[in-house]
Amino acid sequence: MKNKVFPNFDEAVKDFQDNSVFMSPGFGNVGVPRNLLSAVNKQGAKGLTGISNNAGALGDSIDVGTLIQANQVKKMICAFTAPTHPSQVTPFVEMYNNDELDAELVPQGTMAERIRAAAAGIGGFYTPTSVGTELAEGKEHREINGRMHVLEFPLHADYALIRAYRADTFGNLQFRLAGRNFNPIMAMAAKTTIVEVEKEIVEVGELDPDQIHVSGVYVDRIVLIPEDGIFY
Amino acid sequence: MAEKEKLNRQTMCDRLAMEFQDGWIVNLGVGMPTLCSNYKDESRELIYHSENGVIGYGPIAEEGHEDKHLVNAGGQNVVGIPGMAIVHHADSFMLIRGGMIDVTVMGAYEVAQNGDFANWRIPTRKGGGIGGAMDLAACAKRVYIAMEHTTRDGKPRLLKQCALPVTAPGVVKLVSTDLGLFEIGTDGFILKEHAPGWSVEEIQELTEAKIIVDPNICEVRTRGNTDSNQGTGRHFVV
Amino acid sequence: MKNKVFPNFDEAVKDFQDNSVFMSPGFGNVGVPRNLLSAVNKQGAKGLTGISNNAGALGDSIDVGTLIQANQVKKMICAFTAPTHPSQVTPFVEMYNNDELDAELVPQGTMAERIRAAAAGIGGFYTPTSVGTELAEGKEHREINGRMHVLEFPLHADYALIRAYRADTFGNLQFRLAGRNFNPIMAMAAKTTIVEVEKEIVEVGELDPDQIHVSGVYVDRIVLIPEDGIFY
Amino acid sequence: MAEKEKLNRQTMCDRLAMEFQDGWIVNLGVGMPTLCSNYKDESRELIYHSENGVIGYGPIAEEGHEDKHLVNAGGQNVVGIPGMAIVHHADSFMLIRGGMIDVTVMGAYEVAQNGDFANWRIPTRKGGGIGGAMDLAACAKRVYIAMEHTTRDGKPRLLKQCALPVTAPGVVKLVSTDLGLFEIGTDGFILKEHAPGWSVEEIQELTEAKIIVDPNICEVRTRGNTDSNQGTGRHFVV
């Protein structure tokens, strides 16, 4: 099977397009593709739309906020557009408050399901989440089995930047514990899926076919995080 | 008037945790609600779920023993318990939307007497922080709220109707504040238990909505007085 | 965690209700819960509605066709209501042709997605599958991004009869190779999920949390297939 | 008239398999289409997918070496290839509906000149057998059909429009019959290659739809004559 291993992150994101849509997983600082985000930051693509649970954490770690701070992002689709506490002012919060970028606020489960719908070729779905709230305003409503639902549409992307624990050279992926989070669904939903690997890239055939979390058919490029890479 | 002692946060959460039944799948919101997991009851086993797909996590990891790959919804390093299983984010919200969460405990800015609550957005600030709260609020079997009875400025949080944008309408079952334990009644909050030393009138004064006094009203039962004062196994909302 | 191991299949299906809806996985004769189906056959529940890829194979193996032949089933929801070759006359085909039972024909992928939607609390979804065919007649259509879709609704069930490879006593499940098929989604979609286990039931904690295909929170009863049970 | 030799099933499938490109994800329908996997081409690697969630299966298992847990869509015991991954049925159709299948090869009762085809139901018999055909037909990048040119009674199967209920409208790209290889034209089937010894007129006679002759028409290229007669790498539909 095709060997998709790239020598380094810069090569893997070399052709990252301006004005493209990218997905960036991670939750609670686990499973964040920090090395790939750093490479996209260096590569300099602009006008990006990001899909991510949040728009960057506080602190110096590289995450989607790094691209925001560098003015590479024009819009974020995420589950947090305000900090949980007013004191937590990230680059995103500052820029968003100054109308320097756009944002779409999506409930986390709806976001996950919209990403999955993109991967699954589902045109739209009805969810009870957000019914009766401001976020449901203007959305199509429908009562199903006595319960009100809103219609939501898939979230597609050009790129998924993925953080896996282990991979084989074809791109079959394994994740470890809470590092899984958004990674599998984003890996399956994007046109081009680029993966950084924490632990090791093994030969095809070494992973148990029953224990693969994402099939390599969804993966385009793989890079092993070098010793001097970003692990946490 | 001198500040009268209110319940502390741990007691507020203990009181909610006392309601959890053996085998329940529990999702605790970030912040105060996580204190619910400190309440121990050997007679039952709970399964803690967090939005990131961890089903069956345990206590906060001891310093120096953290597994960097294992965090709860608050990003705290936790320990897995035997039987833990991991799923991805879409499958994690399958579980939530599918109605598998027996109880979610959340903080709130406001709760209304019709069971509405608000915890994601303050209109004077741009944007909001939803996370998984709307999914959990709309789909968990029970929504419990732990919050201070009033704002820092002393304004009531138990309202006739929410002023802030709601997280979900009509879903709250039980509210634990630093003044007492409340159920949603038909025309106000039913005060089931009050903080020691606080009268119904004093509590009503700090509450916008009408307070309906439960005929069996008592002092808030806590870890210390559960067995002696009220017996075990008295549960309001199942 | 709760021990859900039952001593035998008869105990595990003792309270199987008349007129209930059950799901029965399996594909190509792998992952079929034959021991549980046999027990339901003995138990005798009637008026059942079955959700299954097919309505029973040719031959003597116990499958959903066993319940059909025993007049326990009033309706099948499946992806095959006619044999692929006219010579393959199963009990279902005979009874269906004689109007002795009802059937709903569903494309296999739509069936899988409808089962998954039930588990996922999704009220309905739009799929391009079946558009322009007889099966889409009478269904609500909607154009999304220039492509026509039909609206499909979840398939809920009272029981899922599941065949796993390995389990722990809490009901965390693992499947092996093509034995996975419909098993995980059915296990998650039904009110009561009853599992037969091929290989072993281990203690809680023995399965790698990263390698569990269905969390035990979805599982209610587990039975190890005894040496004289039905393995294939 | 004596029966003239037609192409055998393996040749019909070989001809389609010749079109498969390196790295393609291929889904072969039960029956004749599975013969496509017998066509070997060392210059490319294909990934065979089957509806039950097997991604990357290999040849039929040798007798006595079957793994009872590993079957393809036809229920045949196959061998896994290194790199194989297993998913459940909903995830398997995510892959199909998500447009990851580069080509699906199916049998059919009828194909119409507008690309409709029918393979799941004969109205004179009750019910139908869809399996995954409708999902594959609607969502795969390319639908190829392998079927006999006429029914057993000699009636044409390449029609102006389908008489039988269709499996999906307008999706067929390429049809391999025992008389030739056809593409969908704007107003008929484009005959790209003909069975040896069969003239265009003879083929038209057994075809209801109009046949449009490709300017580069040639004999059906097969395993044997691919390299010498036509060169490699000539592909119609990519």
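Every chain is named by a letter (A, B, C and D) in the order it is written, and numbering of its residues begins at 1.
Note that contacts are C-beta pairs under 8 Å (C-beta built on N, C-alpha and C of every residue); 3 or more make two chains touch, one makes a residue touch a chain.
Note that the structure is a prediction, hence the values are computed from the model and not measured.
S.K.: Starting at chain B, figure out the least number of steps needed to reach chain D through touching chains.
M.R.: The fewest touching-chain steps linking chain B to chain D number 2.
S.K.: Farthest from chain C in C-alpha centre terms, which chain would that be?
M.R.: B
S.K.: When I count C-beta pairs in contact, which pair ends up with more: A-D or A-B?
M.R.: Most contacts of the two pairs: A-B.
S.K.: Which integer distance in Å separates the CA centroid of chain A from that of chain D?
M.R.: Centre-to-centre distance between chain A and chain D: 37 Å.
S.K.: Just how far, in Å, is the C-alpha centre of chain D from the one of chain C?
M.R.: 30
S.K.: For chain D, jot down the residues that touch at least 2 other chains.
M.R.: 80, 86-87, 90, 93, 96-97, 139
S.K.: Could you list the positions in chain C whose residues touch two or more of the other chains?
M.R.: Where chain C meets two or more other chains at a single residue, that happens at 113, 116, 120-122, 127-128, 175-177, 180, 209-210, 213.
S.K.: Answer with line, ring, star, complete or other to describe the graph linking chains that touch.
M.R.: Shape of the chain contacts: other, as it matches none of the listed patterns.
S.K.: What part of chain B is in contact with chain C in the complex they form?
M.R.: Contacts found on chain B: 23, 25, 45, 47, 49, 55-56, 80-87, 90, 93-100, 139.
S.K.: Can you list the chain C residues touching chain B in their complex?
M.R.: The touching residues are 1-2, 116, 118-122, 168, 170, 172, 188, 203-205, 207, 209-210, 212, 215-218.
S.K.: In their complex, what parts of chain C are in touch with chain A?
M.R.: Interface residues on chain C, with respect to chain A: 113, 117, 120-128, 142, 144-145, 147, 149, 153, 174-177, 180, 209-211, 213.
S.K.: Please output the residues of chain A touching chain B within their complex, sorted ascending.
M.R.: Its residues touching chain B are 27-30, 53, 79-84, 86, 93, 96-97, 103, 105-110, 112-113, 115-116, 127-135, 165, 175-185, 213, 232.
S.K.: Using the touch rule from the top, collect the residues of chain B that touch chain A in their complex.
M.R.: Touching chain A from chain B are residues 30-31, 51-54, 67-76, 80, 86-90, 92-93, 96-97, 121-122, 125-135, 138-139, 165-170.
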